[in-house]
Every structure is written in structure tokens, then in C-alpha cells.
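In what follows, structures are represented as C-alpha cells.
You will see two complexes here that share chain A, one where it goes with chain B and one where it goes with chain C.
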Partner chain A sequence: MSNLRLINETSVSGSVNTLEVPYVFTSDFDIYKVTIKDWETASTTADNCYMRFIDNSGNIITTATIDFAGLGMIATTSFYESKNTNQSAGSIVFGSDNPEGANAVMYFFNPMNTNSYTFSMHQSAEIKNNNFTSIKQIQVLKQTGLVSGFSLTNYVSPVDKGTVRVYGLRVDNG
Partner chain B sequence: MPYIGTQPNDVKKNTGLYTPSEILQLTKDGSWGGSLELIAEQTADGTSTSLNFTDIKENIYDVHLLQVHSMFTSSANKLIRIRLSNDGGSSFIASGYQYAYQIMQSNGSFSEQRSTSVTFINVHTNVGTVLLESANFYVYFYNLGNSSKYSFLTHQSSSMDNTGTILGSTFGGGVLPTAETHNAIQLIEPNLLGNLTGTAKLYGVKEI
Partner chain C sequence: MGKLVQVATNTVTSAVASVTLTGINSDDVYMIAMNNIVPVDNSRNLFVRVTKSGTPDTTSNYDVAGKQLRTDTTFSNSASTNSDKFLIHFNQGNLTGEANNIIYYLYNFNSSSEYSFITFEETGFNSTPNLMGNQGGGVHTVASASDGVHFYMSAGNIASGTFTLYRVV
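Moving on to the complex of A and B:
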């Protein structure tokens, strides 16, 4: 038996700008793994997807406390750095369009530890505007409050496909 | 239920004993057992330039994890690449791949690697001919079994070159931009100059 435990599976329903995945982080785990598959815009208009954190009351955290740094790797042109501090809109996890969409694996660290910031990192693979791109990025929410989940938002072009699975990395107490 | 000692953190609080109905419910919820399910483990013994996974259960899993460790080649400074098959491994596709990844080297340069028309997908830096100069990497595959989607992958690696002085790492991804089912995975030294030695494990990442 592996120590990876499936906790939650959430899929996009209809055409939406935001998919919320609240109440999936608990004190049972310190580290969570998330797979995101087929994040796809409803139209052919490409867009970037931003990740934000959700507090223990189920509300998206909108204070300007997110820092991030990453590298965008594009098959057709030069790579680019992506970085910023004190952002409220979240950090870009990937871009996508229709019909191929985006896929990624993310990790979250210490979301329910009030002595720690909540850190995350991810790596993606997607087709956007006919260009293959992979993004490797780290993020931190510079708050020590409880984080129960996260949200994914396309601010411009809604999505109508996407599946998010959350896993806990089990820790044995000895 | 009797208490049998300190219990691990778990999806469902428990004392370690489950009733049949609890097991059925947890199985239905996708929470029974681990969520990283070993599909196959293969060992390359140095007699072939490729290692194939031909029963990958692509109809069950839409995310696969391939872990490769301690893999090296019989010829110096070779790369072990990824290819996919659409016929169960009878043949492997040798054109049309795209990739983009970053190389970091401890005793060398960092560089961008990209292509929109290659015969394989690179996932690590040069390795040597002995265990001390081997490649270790993981690859996530997405949508291999979805005939209406491209097959994507992301990867990260840590390898030592043939001189034993350059630690190299890669991270990035690739795609085979053909909407069809891909039902076998190949690790190959495509120049057919270096036989593979090492171990690879393929997992399915469980879904409900």
C-alpha cells in the first residue's frame, strides 16, 4: 500500500471562470499532492489560469500576500521568467486553450500549520495558442492562518473541462 | 472497535480495524488502500538498448508516474529517451514529438532545450557507463488512454555524466501532438549504441 491517499476529486461543471476546491486540507496531512488534468477553455480563446488559496471558512484569500517565481518553457521560442511579490490575484499555474488544455502536478506544504506559511509548487504541460509550454513554479501564501483548499481561475476565458484530484501524503506516527 | 496502538494519519479516522461495509464505502470513495498503484516494475540488465512497458492500463488511469533510478548505458554520455506506441508496443512512434525543458549543471552551463519536431522526448542529462554515473528521474504522463487528446508529460531528473564531475538536472515537459490512444511506453537509447542497465517502475495515480 502506498502512502498516497486520494482525498477528493472535483471536476469543472458547465462553463465557469473559477473552480473552488475547499475543505480538502486537514490536520491529517502536512503535504498534499494535486493532479490537474484537461483544464480547457470553453472557447478557443486562450487564457492563463491563476491559483489562489482558500481559508478555513471556505473563502478565497484575496489579500496581496502571494509571492511566486517560475520558469516558462516553450517549445517554439525563448523561455521566460515569471515572478512577483504581494499579489492578490494569485499566481499563474498554466495557460490553456481549446481543445487540448493543460495538465499539472502540484504540491502544497503546511496548509493547516498556523506556525508556517503555506507553500506550493507545481509543474505543468499544456498547449496554448498552438505552442507547447511547461511551467515550473513555486508559490507562497505569506499568512499563517489555516488554509483548507485552493481555487483555479481563468479571469478572461471560462473553462468547461478540468479535473482536480487531491491526495494526502500519509505520515505514520511511529 | 478495539484499539491496537498508535495509528497513522488517515483519510478516515480509525483504530485500524474496518468492517466490510466500511471497506466497501472507502473503496467506493477511492480512499481504500494507497493511491499510487504499481502497474509494473522492470529491470534493464544491460542486454538491450530499450526497456518497454506494454501493459500500462491506460484505460484505467489518466495520470501515470514513471520512476527510473540508477539507470546508465554501456556507452558513455548517452541519453535514455521516451517514446510512445499506439499499437501496444509492437512499434514505437519515432517522429513528431515536441519538448521544452531546462538543463542545470553543477560543473557546466544552464541551458534551454526546445524542439517542435523530434523523434523522442528527452528527460535527463548525459550519463556514464557505471552505477555511479547514472540517471534518476520521474515522468508524469497525462491522457495516454484518451483517444481524443494529445499525450503530455512532465519530468524532473538528476544525473551524473561519464566523467563523474558534472551533476545534471532537467525539468520540463513534452507532448506527442496526436489525438489517439497511446498504450505503451519505451525507454530507449535511440542511437542503439548503449545498452540500458537500471530499474523503472510505472504507477497509476488512482482516481475515483
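Moving on to the complex of A and C:
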């Protein structure tokens, strides 16, 4: 059996601004790999998507305890740096529009370890307003409480397509 | 998505000087996943070497190029050539909640005629503390087979961390 275990698959249903993926992190794994594919806005209006963490009660964490640092690599113009500390919302995962959409791979570390903050990092590939961009980003939730999942939110332009898969990296001791 | 087959793992729960993962014996790509790595002493670099028949290679044949993402200042380039170790993970913090977390992919390690390449992604806290993570790649410019990877701190011991080597199939 593979040590990469599929835990959950969640797809956008209808037209929504936020997709919540709660209760996917457990004490069975310390590292998670998440793939996001075909994240598309319902209309042609482009938008950015940001991430938040979800606590062990299923609530989105909104306290200003998120730090992030990312490099935006745009095919048609200069690269840019994006960084901030003590934010209530997480970093931009990607931007997207319709019909091109966005895709990303993410890792989460230590979400159920009460001795460590929860860390994440991701890389995306997207087309927004006819410009290709890849974002490489790291992030931390500066809380040692339990984190059970995450949410993805478009600011204003709803999405009607997108699939998120969550995998756990199994470690077999002994 | 491909499968991961665990080859070796080491979870540090009491301080140790180093961690060595071996068992690379095929031409597959390998992956190392690391989490919750904390040094005993604050502000230490995590050094990395490849192993030849289980022994760390100390010759000056390690090259690295990466981009340091960080919250406190402009991102910097991180590059070195002909070092006696991979210089990738800097200024590790050990305060409450802080830890370093890393993903490697390993290429051509089993080849006796090609160099050993790695790619790395890192997210963690430095000792300031600030969020920081190096993203890039490296190469050990010796055309001989490597069977694993050796980790140690620039000074002092490793306090905690889980290091796991997988084969990607």
C-alpha cells in the first residue's frame, strides 16, 4: 500500500465564494499534500483566492496570527514579492478566471501537533486576465491549537469549478 | 498520482547529533519529507550531506541555488559552490511553536555515472523569529552512487524532528 493516502476529495458545487475542507487533518499524519485543480470563476470576472485554516471545531480561524511570504512569477512582467505578518486571512493561493482557471499543490505540516505552529507551502500555476502566473509561497499559523482543515475563498467573484484532494504522508515506525 | 513507498524513517524525540537515512538502491526518484525539526540550540543551520555506502561524503562537491522567502526583508538568493555540505537551511529557531518543515526530491542518486541532484522546499521559523523558507535545488558533483542523506546541525544536536525517505513509484 502506498504511504501516500487519499483522505478526502471535495469539489465545488454550485456557485460559491468559499470552499471549506474541514476535518481532514487528524493525528494519523503530520504532513499532508493537497492538490487543487481547475479552480475557475463562474463568470469571466477574474479574482484571487486566499486560504484560511479551520480549527478542530470546524470554524474558520480569523485571528490575526498568519504570516506569509511568496514570490509571484508572472510570464509577462516583473516578478513580485508578497509578504506580511499577523494577518487574519492567509496568502493568495492563486488567481483565476474563466475558462482558464488555476491549479496548485500544497503541503501542510504539524496541524494536529500542539507543540508546533501549523506551517504550509504551495506552488500554483494559473492564468488570470490572459497572464500566466506561478506563485511560490510559504505560510504559518502562529497558534499551537489543533487545525483540522482549511478553506479557499475568492474575494468577490464566485467559483463554480474546482477539485481539492487531500493526501496524508504515512510514516510507519518500527 | 504516484505511490510513495517508505524506505527509512527516524523520529527524534531526544537529542541526537545527526540523522542518516539510507536505502536508496534503485533508479527511481526518491522523496524525503521532514517535519517539526528543531535544534537544541537556537540559531543553528541544518547541514546536509549525501552518503556513499552509508558514510557521509565530506568532499567539497556540493552546489546549491535557492531563493529565500521570508517575511522580514527582501527575498535573497542563496547560492554556494564546492562546499563540503549542502548549505540550504539556515538560522533555525527553537522557541515555542517554531519548527522547520522540508520536502526534498532526490534524482539519480543510485547512478554510478551521474551526479546526485536534489530539489528542496522549506517552510519554518528562523531564530529572530521570522517565517523563512529556502526554495531551490542542489547537486553533488560526484559521478558515483549515493545511497542516502545525512543531516546534522552546525553546532549542537537535533532536538526533534521526523525524517522519512520514500521511493516514488
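The criterion applied here is as follows: the second predicted complex is superposed on the first by the 173 of 174 C-alpha atoms of A that agree within 3 Å, B and C clash if a C-alpha of one lies under 4 Å from a C-alpha of the other, contacts with A are read in each partner's own complex, and residues count from 1 in each chain.
Here, a contact is a pair of C-beta atoms (placed from the backbone, for glycine too) under 8 Å apart; a residue touches a chain by one contact, two chains touch by 3 or more.
Here the structure is a predicted model, which is why all the values come from computation and not from measurement.
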item: Chain A as common anchor, with chain B and chain C clashing or fitting; value: clash
item: Touched partner set for A:N3, first chain B, second chain C, both or neither; value: both
item: Partner chain in contact with A:F94 - chain B first, chain C second, else both or neither; value: neither
item: Chain B versus chain C as contact partner of A:R170, first or second or both or neither; value: both
item: First (chain B), second (chain C), both or neither touched by A:K136; value: both
item: Partner chain(s) touched by A:Y50 [first = chain B, second = chain C, both, neither]; value: neither
item: Touched partner set for A:A125, first chain B, second chain C, both or neither; value: first
item: Touched partner set for A:D67, first chain B, second chain C, both or neither; value: second
item: Touching partner for A:A104 - first (chain B), second (chain C), both, neither; value: first
item: Touching both chain B and chain C, residues of chain A; value: 2-4, 35, 71, 123, 136, 167, 170-173
item: Chain B residues within the chain A interface of the complex; value: 6-11, 30-31, 33-38, 62-63, 98-102, 112, 114-116, 140, 142-143, 148-150, 152-154, 156, 171-175, 177, 203, 205-208
item: Chain B contact footprint on chain A (complex, rising order); value: 1-7, 9, 27-29, 35, 37-38, 71, 73-79, 99-101, 103-105, 123-127, 132-134, 136, 163, 165, 167-168, 170-174
item: In the complex with chain A, residue positions of chain C that touch it; value: 1-6, 9, 11, 33, 35-36, 67, 69-71, 74-75, 96-99, 101, 103, 121-125, 130-133, 135, 162, 164, 166
item: Contacting residues of chain A [partner chain C, same complex]; value: 2-4, 30-31, 35, 67-71, 81, 83-85, 107, 109-110, 113, 115-117, 119-121, 123, 136-140, 142-144, 167, 169-173
